[in-house]
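What follows is a set of structures to go through.
Two complexes follow with subunit A in common, the first pairing it with subunit B and the second with subunit C.
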Partner chain A sequence: MTAAVAAGLPGRLGRVDLSRPVVLLLAAVLCLLIVLPVSWLVYFAFTDRDGLPTFANFAPLFSDPAYTEPMITTLVISVSVGLACAAVAAPMGWLVARTDVPFARTIRSLIMASFVTPPFLGAIAWEILAAPNSGMLNQWYRELTGAPPDQHLFNIYSLTGVIFVIACYTFPYVFVLVANALERIPGELEDASSILGGRAWHTARRITVPLALPALLAGCLVAFLQAMTLFGSPAILALPAGFHTMTTKIWSLFQYPPKPGLAAACSLPLLLLTVVLLRAQHMILGRRSYQVIGGKSGAPRVIRLGPWRWLALAVCLIVLLNPVFLPYLGLVKAAFTHVFSQPLTLKNLTLEHVDFVFFEFSSTRLALKNTFLLGILAATLGSGLALVIAYATARRVVAGYRVLDFFATAPVAIPAIVLGVGLFLAYTRPPFVLYGTLSILLIAFVTIQLPAAYQQLQSAFRAVNPELEEASRILGATRLQALRHITAPLLRSGVIAAWCFIFIGTIRELSAAIMLFTADTKVISVVIFDLNENGHLGPISVLGILMLVITFAVVTLANRLHGSGAWRGQRVTG
Partner chain B sequence: MSKSYAKTSLAAIAATALAMLGNPASAAPPEPTKAAPQLIEAAKKEGKVVWYTSVDLPMAEKIAKAFEVKYPGVAVRVERSGAERVFQRIGQEYSSKIYAADAVNSSDAAHFIVWKRDGWLMADVPEDVAKYFPKDQQDPDGMFAAFRVTLSPIGYNTTLVKKEEAPKSFKDLLDPKWSGKIVKAHPSYSGTILTATYQTARDIGWEYFEKLSQQKVMQVQSATDPSKKLSVGERAISADGTEYNLLQLKEKGEPIEIVYPTEGTPLVVGPSGIMKNAPNPNAAKLFNHFLFSVECQQLIVDVGGMRSFHSQVKEKPGRTPLKQIKLMKEDPAAVEKQVEEIKARYTKYFKV
Partner chain C sequence: MARVALRNLVKRYGDLAVVDRISLDIDHGQLVCLLGPSGCGKTTTLRLIAGFIEPTEGEIQVGERVVSSPARAIEPQLRNMSMIFQSYALWPHMTVMENVAYGLRLRKLDRDVIRDKVRAILNMTKLAEFEDRYPADLSGGQQQRVALARALVVEPETLLLDEPLSNLDANLREEMRFEVRRLHDQYRYTTVYVTHDQAEAMTAADRIVVMNKGRIEQTGTPEEIYRRPRSEFVARFIGGANILRGPSLDARHMRFSGVVLRCGDAEIALNGHAALSIRHHDIRLLGAPPSSAENVVPAKVARQVFLGGMRDYLVETHDGTQLRVVTSAEHSFAPGSAVWLHLPPESCRALVS
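== the complex of A and B ==
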């Protein structure tokens, strides 16, 4: 409607409104970003070496144990991670969102910390902690119980180990969804139930649980997808134990002699399953809309736990030992000791790993430079792109805005390693030979991060009243001018948040980068993975700690800017 | 080690192997390269050299540092990965017309057969190679020469395994008492392990690997990793790996001991050369010159724990002389032909 009104105004005559061509160009770019790699993937999956059509690439997926076993393993891992995350995150979400558990904010921050910890770093830290013989926890266990040298409590190189470590860094997704849903349940509904004589348990069963269930289910699906498409953790923990998952299998198909057709064929099931499950998630979450019927709802009721709240806090902290406290402790010990499995004596303390990383290892500087450059570029480009698309779709600038919405959301359905394979196939051959440049990594990172940034900015746009833009348009500004002078400043905090989000996501990305890097385009995550294959746990820990410090600095900065920016934005619109 | 093996000379063993690499029909090798002032100047102008290698990272960086100290103004960037990865990466980069590598070194000598055949190497004979290296350890066309030599023996952690109980042969590793206690590296990653796997399978049969895969081995990637897993006490025995990493740790005082198996120890020769499309050709030549110099060769022996063909280089006292070790025979030409089969068969047994 806005567009129609604006178009009829005489003040704009004689000026060119660039918004339509810009939007069309964007649509074309997005289309290329996604369609190109996916079509090459499909092409390779369905052709043989001579380019003739065939289904032969899919045959091993059904008959060869070298492929069927990883598929089954992947399913077992994904289902287990989904359930484990629900079992941990649902009670924690409830405690933090609905009870008076002490230090709820701190608990949230710690969950945020596990959320931003790169999963592959967590996996390596857990090697240091729970390798059956040299792991710190197993050593403590033997010291405490006097058990013989080859007895262990934990073996991280196992199916359960892989599930455990993936769940450690996936449960925050479920937590956030559940906690948000619980916070949004109107207190009145539960009050009503109580007033009508419902006991606490009855109220929980009939009101709270049904209202939170969709979010929990959706969270489980997200956790399932994360576990299914993660590359780093299984590569680090499953290969030593002698088994593959689908992602490590796909990656191994690119070792010499490379089998791109098979890799593409293995990628397609992951892609299809992701699309299907995301549809399912959408439907589940979509149903939630009935909750808010009845307009503005009161604040959720806080449940008083009494003395139990300290127990609740203890439970939360014990859970958080696993993704945060213990792994960080392991990294710190490995970073500053000669042999991490030896006791912490003065003789064992060293700065040799720090020295090696910063003064001897010739890849460090290049990888740091590349990582920062890519992080900044991807964040700037990604949030800019997301901003324009979010504007176009939120304000329905062009008729085909739904197409934009589709393409900006679609990458969510492409697992990073699958995208990596697709981009590799697409950009190692004409017409676009980008392999070996930072551009191919930039494309990968922007594509991967775009959906999250887009969703964030889209909701930010919904919060800005279009009347302000309309006023500026009436006064003669073009749509782009209105966007720049009116809307953009109001969205500042949202954009900063999106920028930081992409930056953090980019510097920790491994699954796509591992397929696309070359000597000159190494990034820190790839260097860490490389070092792990040679068993250099000390230098990894130094680099890992550096990565975490950078990440936390950006998160803190974002929180600060976001906070003040959001406040200022409110004042202007109010 | 039985005395009867003492006669086995390393040169003789590797002779047939490297002789096969040569192409008798090709032209004479170029004049030996000296570290002449013009070359040093030209290298400094380029300012850097990129070295693709599979030498254990800290050692590779030490070699790089030694070069940078000797030739200030020429920075070395070490691109270290497993030899099979390096091979795959160079292949991928070259087919995308990315010429990043200057000097290359691989622990899988078969790679040099392929690179030479594809015309990817530049002929360059460092002065020391011409003067001090046996003829059978250099390519007749001057494309590459044997930069480093190591073995792939068994190792064990002496705090976890008593000397009397330690395995003496590869077959000893199949004893059920070692189940869950063995670590080994992967032939799809490491050239050392690919070479060793070929020799072991040829000499004692694939059944050995089939049975070993039932021993719940911890499967790591790099040949440099098993010794590290021993030293932190993660596993008691390494079924393969590199002798040089074991020596480095042992001489540092870590509780590590080496076993040269009675069946023979796999011999791994790692050649070096420079790429035809090297972006820094002068720096590459200077660096190649340095790699084969007595200075660098003595460094990789003394500090690195490797072996050298350089006639002026002395073995480090306290190590078992190569002559006393029964060695398996190197055969890069056969490895080159069977590489796919070796990897496929290995994956069939070990699942990864």
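== the complex of A and C ==
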């Protein structure tokens, strides 16, 4: 009887044996991406020039004003940004999610636009708008009031300016969390309170606010973290104003003569604080942060604002002036005029910046090539890596899947600039000398983008019940056929979306790139940063608009693909 | 031909034996129900038969060939089986028609043959008008029928069903119980049907296998299982029963609440402790001691509920045991009144403890 089987039908040979090496390989790759740079970072922080253990690197952090002041500045900026974001995003989230404010979808799209605008580009746009002398807003102010040329209304090169600009591009994080939380509150809960005699305000205070508060708090933490770890905006706005934040300080420690030990010591607090705050955020949100939005609960009740809704719309639009309308206007004007601070006349119009960017300035084409190459490679490698890890963890195909999960999520807690420092330290010496190559940038980008892609694909896998594959197997499909007919089509939109988001994230990345580029491996963001140091705002605007157009195109594509698919419910279960 | 045999089947996850030495023969064309509480290993057993997982010990034989053993397992697609999943596992990116035709396409049948077969099965499951819909646009009952059609259209040797009705609402579930049985009578596939619902098992099964904690408690026809439960678990799980405990006297007698009880059929274990089961409505409730005192236990009414057609009593014997008794609605005994319980020996089943 057994012989009949042995005679030829394929058994399970090979399958189990293959998964183990694959997982080991993955684990090794993830180690190279994450463990190696972090280890070197720690090593450098705790050793002196001769490699002897020491705490001396940390001493200036507590005593030298050159370090304590940036730390305090960073704290002030981060706290202010967190509060400002909450103050703006919470009411807006409520308006969009729970009231009949007109054009809610458009408002959401505009907030998405500020979400995907590279923060450093926003900072430069605000230089165009609100630099004390040349800033467009200040020009208008002087024209309107006849104020003397040395007077200005706004000065973006200031602590307030830095806080304002960072908040402009950070509040979407808070908005998304709050709006989603408010949308998830089932209307029945609030109805229940109203039926029990609760007045509108009472219901809001006792039901709505407590349910949305964790999301708001978590959002504030995210905003705080963003502000703390951002490099571009403070580098562009704070350095001209003559002060440092932690990130710009770390960067300056790599200017000649480099002080890697100190830089590592400055990086560790950022790393630790990020880990702690992310833990806190996780605890506040619980498992909900991973939950796919939606579900069966009743639709949230829409509150009718009556005529007030037009006022609400006006408030939203005025808020959106700051991250979207004004900066984009500034960029467009700067891109196509000789002198952006002069009035818009026919004589002032020009294509010289376009010409300069694409034909005269040699760096741009190389940088464009590098950026696209890195974007495509990082997106492909990153989504591939994320796909395999997500498969291994979602289907628990191996015993060690928890380790993979940990490593794939861990980069979330490593600020990009810190990762940049770590990678610099790890790959400028044997056995892996990658500094000066595109590979080191590729490693940085893949690592930075991995967690988001991994989470997206993992939830995509979770939405595909394994029984869907099994149903195909039992009807006669081989393992590969089941993957091809069932799993692949169901995951396709998720994979494409992950690819797109890695691509966008990569082409706009500055914080890590600034630590790792060399003359041959510049990317657009670095070129923009360089041009800014030389005051070439026109060419920057051309590059910035190009970047925005590409970003919007890719986001639209991703959304279109993600939202389509002939079927409506991803999950068909009872 | 498709006789399915499980021999000493064991599946362990770590130290936990989720399926623990299960042996079972399923004759060709028989419908066997695996019945047991949630978590007792029914799905795991079914997945072992389907070949999605491999046994830790033992083997599974279909017809003449061994399809699963720890050393070797034939892949699911080569077993000529169909399965209906608890989640239905309909593919959301395919229409009803495509879902149903999938298995036939894999078999590389003629396009016309496929179309005819799909039409026929869709008509039979009353789905013809929905063939171009996507599963997400169907009701639960319709989804369930698509799953059924998809499994049946390939004419499998063996059909596996994992709680196929558990996601339906009560009315539909009752209706579908008979439908499942009707389809089985029509096609006569060897069928393993997993459920935790005894009414479902009673309606559908030729033979019921009661499972508990990974093991088989008892196997038999629905009637045997109901009339002659062999263990306390089966007695309680199927239909509900009172369990009486006391010292055993000999192979037919035990002492309970100061009275000697005679037990109609099976042997009472002679290890000192005996247990017997009696159904709630097999106990007769009397207002005065009867002339023949055999198997009569005095008790007191603790609670009485009038259920229209009958009365549901909770009574307490002198040793403090509480028993449920269901009687006709005619006689009413108020709570607190003294009653005599007559336990007919032929209704008392000795249990293997």
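Throughout what follows, the second predicted complex is superposed on the first by the 522 of 574 C-alpha atoms of A that agree within 3 Å, B and C clash if a C-alpha of one lies under 4 Å from a C-alpha of the other, contacts with A are read in each partner's own complex, and residues count from 1 in each chain.
Keep in mind that, in the parts below, contacts are C-beta pairs under 8 Å (C-beta built on N, C-alpha and C of every residue); 3 or more make two chains touch, one makes a residue touch a chain.
If you're wondering where the values come from, they're calculated on a predicted model, not measured in any experiment.
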First (subunit B), second (subunit C), both or neither touched by A:P489
second
So, A:T518: does it touch subunit B (first), subunit C (second), both, or neither?
first
Thinking of the overlay built on chain A, is A:E467 touched by subunit B (first), by subunit C (second), by both, or by neither?
second
Have a look at where A:L475 lands relative to subunit B and subunit C in the superposition and call it first, second, both or neither.
second
Have a look at where A:N133 lands relative to subunit B and subunit C in the superposition and call it first, second, both or neither.
first
Regarding the shared-chain residue A:P257, is it in contact with subunit B (first), subunit C (second), both, or neither?
first
Scan A:G146 for contacts with subunit B and subunit C and give back first, second, both or neither.
neither
Which subunit A residues contact subunit B in one complex and subunit C in the other?
none
Within their complex, state which residues of subunit B touch subunit A.
50, 52, 56-58, 61-62, 64-65, 75-82, 84-85, 87-89, 91-93, 95-98, 100-101, 160, 180-181, 188-189, 213, 216-222, 224-225, 228-229, 231-236, 254, 339-340, 347-348, 350-352
Please output the residues of subunit C touching subunit A within their complex, sorted ascending.
50, 52, 54, 61, 64-67, 69, 72-79, 81-83, 85-93, 102-103, 106-107, 134-137, 140, 143-144, 150-151, 154, 160, 166-168
Touching subunit C in the complex: which residues of subunit A?
1-2, 4-6, 9-12, 465, 467-468, 470-479, 481, 485-486, 489-490, 565-574
Would you mind writing out the residues of subunit A in touch with subunit B in their complex?
66, 69, 131-134, 149-150, 157, 238-244, 248, 252, 254-258, 339-341, 356, 360-363, 366, 428, 433, 435-436, 518-520, 530-531, 533-536
